[in-house]
Every structure is written in C-alpha cells, then in structure tokens.
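A quick write-up on the structure given underneath.
Letters A, B, C and D name the chains as they come in the text, with residue numbers starting at 1 for each one.
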Amino acid sequence: MAVHRFQPQKYYTTIGAHEPCLHIANGDTVVTSTVDTDGCDASGTKVTKAGNPQTGPFYVEGAKRGGSIAVRFDQLRPNRRLGFSLATIAPNVLDPGFVKEMPPVERAAWGIDEQGTFATLLSPATALGTIRLPLSPMVGCFGVAPDGGQAISTDTSGSYGGNMDYRGFRQGVTVYLPVYEEGALFSLGDGHALQGEGEISGMGIEISFDVSFTIRVAAGSIRWPRAENDEAILCVGNARPLDQAVQHCTTEMVRWLRDDYRLDASAASILLGQCVQYEIGNFFDPAYTVVCKLAKKYLPSVGA
Amino acid sequence: MAVHRFQPQKYYTTIGAHEPCLHIANGDTVVTSTVDTDGCDASGTKVTKAGNPQTGPFYVEGAKRGGSIAVRFDQLRPNRRLGFSLATIAPNVLDPGFVKEMPPVERAAWGIDEQGTFATLLSPATALGTIRLPLSPMVGCFGVAPDGGQAISTDTSGSYGGNMDYRGFRQGVTVYLPVYEEGALFSLGDGHALQGEGEISGMGIEISFDVSFTIRVAAGSIRWPRAENDEAILCVGNARPLDQAVQHCTTEMVRWLRDDYRLDASAASILLGQCVQYEIGNFFDPAYTVVCKLAKKYLPSVGA
Amino acid sequence: MAVHRFQPQKYYTTIGAHEPCLHIANGDTVVTSTVDTDGCDASGTKVTKAGNPQTGPFYVEGAKRGGSIAVRFDQLRPNRRLGFSLATIAPNVLDPGFVKEMPPVERAAWGIDEQGTFATLLSPATALGTIRLPLSPMVGCFGVAPDGGQAISTDTSGSYGGNMDYRGFRQGVTVYLPVYEEGALFSLGDGHALQGEGEISGMGIEISFDVSFTIRVAAGSIRWPRAENDEAILCVGNARPLDQAVQHCTTEMVRWLRDDYRLDASAASILLGQCVQYEIGNFFDPAYTVVCKLAKKYLPSVGA
Amino acid sequence: MAVHRFQPQKYYTTIGAHEPCLHIANGDTVVTSTVDTDGCDASGTKVTKAGNPQTGPFYVEGAKRGGSIAVRFDQLRPNRRLGFSLATIAPNVLDPGFVKEMPPVERAAWGIDEQGTFATLLSPATALGTIRLPLSPMVGCFGVAPDGGQAISTDTSGSYGGNMDYRGFRQGVTVYLPVYEEGALFSLGDGHALQGEGEISGMGIEISFDVSFTIRVAAGSIRWPRAENDEAILCVGNARPLDQAVQHCTTEMVRWLRDDYRLDASAASILLGQCVQYEIGNFFDPAYTVVCKLAKKYLPSVGA
C-alpha cells in the first residue's frame, strides 16, 4: 500500500485511454494536485488550457475490463486563497420566457481564509455584501477511460464518470467506477470549494486543490458510478434530460440492492418507495447528473 | 380567529370552483379529516370514490383574485392503524429496457402503531421481513381552484397546487398559494404516513388523516406555490419533464428573492449558485414536482 | 342525417361538460362558425373573451362513455379577409442561450384574398416584403368533455383532444375521439388559415372560420385521438416533453394495428419500423402534440 | 477534381482524429464502400467488429478549423441481396406501461431484388406475409472529427454529425459539416436500404453499400450539420430529449436565414412560423436527431 507523491506535468481535457502518468498497485494512495477549470495552479499560474483539465490518468494494476475500482477521496483541499464563480444563473435553468430578465454572464471572485473554512464574496458588489459561506470542497470531474476506445470531453459525463459536478463527491466518500480499459485509467480535476445543488450558475467556487485518494480494485460489474459515505449508499445517472438520469440511477440502485443485498425487485421497490432520496448533481453540463440515495440505516433492517 | 370543527360530507376528485363546504375568516383554523386515496375513512369504510378525494373546498373571506393565501399545516396525523402502498417501482422511473424485469403491480400493507410513530410492513412477505420505518406524515394533494374556471383531476398538479406528493409538506410547514377565484377555495386530501422522494412506486403509505390547518390571506402575487418551514424557504414547480419543473421553481425563487429580499438577479444568482438545494416531490404523476430550497440561515446575511 | 345550421351565442375557454348548445343525431352534420383566438368573429367584432373560444358543445345522441365518435371536417374556411400571427419564435423553441437575440413579441397582420387561396403579409415591414403564402386552413383546438368531470383550459390538450394545433387537421380529415361523458360534448374553435409545423411562433394565421362537420358514433374504445385522411392513418399524442408525446401516439398506433388490422406486436413493429412517419403538431402549448402516421398504401399489403 | 476509388482496409467505431485513410483535394470524388452495422461487407463476410463501422477518415486538403465542408452523396446503393432489421419497437419509444406487452427483440431478414428497388420480408413469419417495400437508401452514420480531440462512439451523434439515422440523408443531398480538425477527417458507414422515421425499432434495413461522394471546402462557420436537396434546406439537431434537438436545429435555421438570406430574427420568425417543417431522424440512439426543414420555394420570395 504505497503512497505516491505525484506532481502533474501534463493535463487532459478529454477522458480517454491516454498514456498513464503513473502506475499504482491495488490499494495504493496518490497524493497530488489539480488545477482549476481555467488551468491555473496553486500559485494562480496558468499551466494548461481551460476546460476542467484532468490530473492523470493513473493506471491501476489489476483493474480488468468488466470489473470496477473503488476510489476513496482521502483529502480534497483548496490550495490557494482565491476562487471564482459565475454571477448569473444559466438560461437552461430558468423559464424560457424569463431568460431576458437575467444580466449578462459575469464572474464573481471569492476569497478563501487561511484555514480553508470560509469563502467570502469579493466581487461583484451586490446587496449580498461580503457574504461568507462555509466551504464544502468537492471534486467536479473525475472518471475512468470510457468504453469502446472513446475520448470524451471533460465538459460532459457518462457511465465512466466525467463532469458530474455533484457536491456529494466530498472528502471521505468512496466512489465505485466500472472499468472499460485495462488499468482503469483514473483521472480527476475541477475542484470546487463550494457548489450549490445543480451547479445552476455553471460554476461552483472554482479553485485548485491538493488531493489525496486511495484506489482499490473492486469485485463485481457495475453499469453506473456508485458511491458510499458514512450515512448512505448512492448511485449516479448521467444523461439529459433529468428524467433519464433519474431512470439510470434508480435502475442501478435496484441492481445494487438485488445483487449485494439480496432484495428482489419487490423488496427493493417497497424499501425505495418509502425511503429513497435524490440529489441533483448538475443541471448545467451537456449531461445532467442525478444521484439516487438510500440511508444505510435502512440496510441493516434487511432480512431481519 | 375561530376554530372550525368540520366533518366532511362530500369529497371531490377534481380541484375547481365547487360549492364551498364552509366559509372561514382570515386567520381561522379548520380541524377536519381526510379520507385515503381509495376514499376510505378512519374506520376503513369506503365513503367516496377513489382518486385522492379532497375535503373542501373552504372559502376564505377576503382572498381575492391575484392575491395569495398562506396555509399552515398545524397537525397532520394518520387516524387509523392500517395503511397501504405499492410494491413495484413505476415503469417510468426505470430504464425502459429494465421494465420487463419488474414484477406485476401489487399492494403492500403497513400497520401503524398506536402512537403513530412507526409503520411496520405486514405484507407481502419479502426479504425485508417486518421492516419498521419511522412515520413522517405529509399531505399529498391540496390546492386552490385553478385559473380560468378549470376543474382539474386530483391526479395531477399545476400552479394552483394539486397532487404534488412532496414529502416536505409536513406538519409545521406554511404553504403560499396563488388565488384565482374569490375565496381561494382551498381543499386537501391524500395523506401519506410516509413517502420516499419522488413517490416512485406511485404511492406513499396511503392512509386517512386527522388534519388541522390555519389560513391567512397573504399579500402579494405569486406564480407557483411557495412554502417555508423553520429551516428553509421553498418554491414548487409542477410540470413534465423534471427539467421544466426545475425551471419553474428556480424562476419563482429568483422572483421571491428579488421581490421580498431585494436581491437583484446577479445577487440571487450568486447566492443560489452556491447554496441552492432541490428536492423531487413526485416523479410519477402526470405532472412531476420539483422543489427549490434555500436555507434561511443564508437570508440574514443578505444586505449585511 | 340532418344538417343543422347553428349560430353560436356563447363560447367556452374550457373544454368540459358544459350545457350543450345543440343535440344532434348519429350521422348529422353541423354547419356553424368559430371565432378567432381573440374572440373576434367574421366581422372582426369581439364577441367573447380571448383564448381559443369554443363553439359548442354539441351533444351527440348515442355517444356512450367508453366508446368513441368520428368527426369529419367537411369544410374549414376562413370567413374574413384579415388574420394575424406572431412575429417572434417562442423562447422554448430556441437554444436557451440564443433567446436574448430574439426581438420582443409583436403581431404580424395577414390579408386573405377573396377566394381564400393566399395570405399576404401586411405588417410588420421586413425583408420578406409582401410575401404571399398558399392557405391550408386547419382547426387548432377541438375535443370532447374530458374524463372525471374535468374542465380543462383551451390552452392545452390531452387524450380528449384540445389545443393540439396540428396542421393536418384540415378539411377532409376524419378524427376519432374517445367519449368520456354521455353525448361526447364535442366543441371546436381556433381556426388557422395556415400554420407551420410546431406552431413555433405561438400562433398560426389566426382567423374566424365557417365550418361544417359530420359526427358519427363509432365502435370501439380508443385512448388517444386517431384520424385518417385519403393517404394515411394517424394517432395523436399530447404531452410534454415531445418524447412522451411520441410514446403516446406510437403506442396508440400499435394498438390500432393490433385491434383493427390484426397485426401482432412483432408485425406492427416490422411495418412501423420501416414505414412510420411523425409530425409535430405543436411545440408551444403546455402539452406538445406529436402525430404518428402510417400511409394507407402499406395497409392493403397486410396479410397478403 | 479527381475521382478516387478506395477500397477500405480498416474501419473505426469511433469518430475522431484517426489516421486518415486517404487525402483528397477540394472538389474530389470518392468511390468506395461501407460495411453494414455488424461489420459485414458486400459478400456477407464479417471484416470488422460491429457497431456502425466507419469507412475513412478522409483528409480534405484545405479544410480548416472553424470552416465547413460540403459533402454531396452522389450515390448510395446497397451492394448485396440480404439485409436485416429488428422486429420489435424499442422500449423507449412506447409508453412505459406498455413495454411489457412487446415481444423479445428478434431480427427480421429482408431480401433485396437485383435492381435494388424493393425489400421483401423473408422472416419472421407474421401476418405481414412477404410484404414488399420500395427502397430508399440512406446513410445512417457519418461525420467529421469532433472538437477538442474527442473520439466518440458511432452509437451517438453531436454537432460533428455521427449516428443521426435520418432517412433524408439520401442520394443527391448535400450535407454541410463544421470542421474541428485540419482536413475535417470525414468518415461514413451504417447504410440502410430503408428506414422509417425515428428508427423506432433500433435498425433500418441494415446492409453494406457502394457509395460515392464529393467533398468541397465550404465558406463560413456553422454550429450544426446543415443540408440541402432539390426541394428544401435543412438543419440538424442531435441531443436528448427531442425538445433540445428541436431547439438546436431551429436555432441553426434562424442563423442560416440571418447569415445567408439576410432575414433578421423577425422575418425569419414570420417565415418559419407559417412554413417550417420538422422530421425526426432517430428516436432511439443516445442522442436523438431532429431536422428543421424549409422548402426552397419560399426562399425566392425573400426580399421580393
């Protein structure tokens, strides 16, 4: 279980079967960093072109096509003092007839305190004044090389992960991803110091991150990203419209309950029917993201 | 501020400008009951035809077209010991190619304990055994007479309310509804002892309720239902697909922040962009329901 | 087979179980008129409030709940020389990010020649000049009283018909509608001298009509409007989004082929898979309309 | 204007910046062949893996990023006597509650006559018997290397073209595609001897083709595929749901009318509002395809 300290030299704005930056063993930890969506690093220097540049891909020894990997986000921490977001809700999020009432797109600047606890709005000047919001760092875009030899823009997402912009992908969560290429080829980027549900202005508080994560080769075949944290198990659907994303993540949850918790479709239906929760990851990117969530407290009851 | 104890004699399965069952004054409280979606009352007797039958409508003195009313749900309490739900996730919630893997639609029976604290699964027999879930009673269908002299089925919903099946409509919440007809003509029904987000099996735990609510005539014009509880303000969008429901509720939230909290579109965008939350009311009825939510803790910061 | 000449006195902007204006027998013909969407008649006089006012409802003797009626549009003819449309594509039809590039909503005026053959653009002045377009008169909104005692705005549509704004509802077509109330209670209005597919600017060339139609009581139960003309059989789906409208009309076509043409689901699939056509009725109203069409020339081959 | 006779040796199931198979000059014609979706050639031999394998990519000298190319399909002709389709409408095309009434997916076999005029159903045996349908050969999947260095599966489509499965892409049509990589890198495959609108069973009559096409470097920048035939100009939108595809193609048509026909947004709105037509390319693939169409007969009127 080695710990690899990795300084990225090259970034990608597609997720695909690119030349691995590092080979790691099953169970290894990687300590590295990500640039912000503009391609700027901890010093604010632009080191690569914009568009959710990815650190990676990391080749995981033993990750086989048809299997899956488990990625635990051990640490996700903004590594500089200045972030930015957008100051206009995106037009697709609003009633079409209301779009003309919105101002032109403008950037907002946020200061991060030294402890990484709060974001303070620096500009523009609005009735909000210097509003101060507690941070909740998350990683917007990560995934493995997609199926069929594709290389897909970090603008969007799919069964392989990608730009899901789900604020539940925080420190401490473990994400399961299907493996389509030998070694899985995991990459990540697009850290947000904070983000509302849906990423409705098109950006969280965008910033460079210090990150550390641990990857295990996992058993079993999955069709969509899954995750778990201390309280819940989660399945992710990435698609447009939201309706289809709901279908993907709910179907994946039924499969999970069936395969790993021995609940047939009736039992899974009864449980989910009264206990399921949903979260919207993003309602902005080309593919929207919806998360289907079941509290772990309901799982021990199973079979009781 | 009178308290009216009202025993319903007649129920409606459309929401419209029906003959009022009672006239109440601004600020009055009504203590009454609702039958379950099958039309069965506290004794389990079928007293009216099925389909979310409504108790009401109540004529609110002083409620004028173009204004709004505020309805506080003072008490929402199942009033019998047996409820029912469905044991199959609805086909529209699942991937089209997965639908054939689901069992035929069947009902599940739930027992409610005397204190109204838990629901215990009585049937069918599944790997869940006698799973016991904490109650969270909510009212699935309520609203005012819609605009233009319409009478609309209690299957669906719109700007007037209706069958929203949102589990956040619990005891203690205050809901604001637009007024389209003199007296508003408020009605309610379809109590659920518990319901998962999205009402994905097509039913919560359906049961008859004792209810009590207080109605005030409210200032100002609104376009969609709004609500507040101790923690948050909420706006509701009812439409298909989910995407349009998100657009409706988000737009209504921007209007609310602009009109009542003096945040222009930029300020509202910055705040919502990093702090907004969404919940799915239902993903089953003809119109889906999405709720846009903003924690009240962010509101005092405004203008600071 | 009487011919009734009926002069409307009253118009409705909901479709519901209103007091019939006339009782007719199975096979009778009605010769009457409709006002334009603004409520203006052949003389341009405003005689009722705006919003697709309906002439009717007509009570058809022998039309029973659970059955259907066949309405043949014998004549649909603009009865004045001035029509109007809108000069801006509706924002829901365009990319959300393009909406701001569109001008404010404005009306366009069209002159109709004495023979009712052409519409000539009178205003506004644009690079189109006095463009002259051939008429193709159609009726935008018609239907029967909906199920469950509802009264639904003439803005929208459903299984009962309503504001479908499909340009294929021309003279000579026969439409089949499900019957939900005794006597069916058919009404019609909202004539368009011409309309593009989708009614994307929100209006056709709106004008008052002289109309004549013949209604027969039809055998069999249907779930969505069906129609036929000389060339094709058609099924209609009314819903949002378009995807759901496609599902409704395609499913109804499979049922039609199964029930009346003895094609099982495989045979219907093979035939439709290679021969089906679709048209968008409207992409503007609260419910969109899609038509599934199969050329009659393929039907005689069946069973050959 | 050379004519290149090209025998493909290698096929791709992604569209991306692959090594060109041939460099051609502006105005050159290519005479070549495509395999069927299974990867079988004119002799029925499987020569590559399944999934709409592409012949190409062809590097067009002078095609620059930000420009466009015009591809004229000079000849599209099935080159063998046996094709196949599917015998079940896809579940996403039908009402979710109707899906269980459909049979399992099965293939249908079609014989093509020597003149390439008709397809005759060979199997399965159904009430259709040996139905004979006139051919209308079209190319289902073609495009240029997408933006940002992506390589995207031939299952889906986007602004670069791809698996659009639009039956209007017949012999004689000229298609305009945006150029994202030097040389454009055009490829094509997935010929259908015939296909219904929407490709609702998931396949047309799949068969290998002899094809010939001519490519010119075109002026101007476009955002979505455009096309023209003798009767009409067309714009293509590829997205899910259909609603978004309609938005893309309609917006592109407004741009085309504005940029090339000097119609401002009002004039374009008036014209399209009364004259536009739509066709559904496919309603099956990951991205749906909608075509916005304007008859050329309306264009000479412009400015008259």
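Keep this in mind: a residue touches a chain if its C-beta (ideal position, glycine included) is under 8 Å from a C-beta of that chain, and two chains touch if they have at least 3 such contacts.
Since this is a predicted model, take the numbers as computed values, not measurements.
**Student:** For chain A and chain D, what is the smallest step count along a path of chains that touch one another?
**Tutor:** The distance in steps between these two chains is 1.
**Student:** Quick one: which chain's Cα centre is the longest way from chain A's?
**Tutor:** C
**Student:** Could you see whether A-B or A-C has the larger number of C-beta contact pairs?
**Tutor:** Between the chain pairs A-B and A-C, A-B carries more contacts.
**Student:** From the mean C-alpha coordinate of chain A to that of chain C, what's the distance rounded to whole Å?
**Tutor:** Centre-to-centre distance between chain A and chain C: 47 Å.
**Student:** Per the centroid of Cα atoms for each chain, what is the distance between chain A and chain B, given in Å?
**Tutor:** Distance between chain centres, rounded to whole Å: 32 Å.
**Student:** Counting only residues that touch at least 2 other chains, which ones in chain B make the list?
**Tutor:** 92, 94, 96, 241, 243 - these are the residues of chain B that touch more than one other chain.
**Student:** Could you pull out which chain A residues touch chain D in their complex?
**Tutor:** Its residues touching chain D are 13-14, 16, 51, 147-153, 155, 239-241, 243-244.
**Student:** Under the definition above, what is the set of chain D residues touching chain C in their complex?
**Tutor:** Interface residues on the chain D side: 85-89, 92-96, 98, 101-103, 106, 108, 119, 121, 124, 126-133, 194-201, 203-205, 241-243, 246-248, 250-251, 254, 262-280, 283, 288, 298, 301-304.
**Student:** In the complex formed with chain B, which residues of chain D make contact?
**Tutor:** Touching chain B: residues 90-92, 94, 96-97, 99-100, 241 of chain D.
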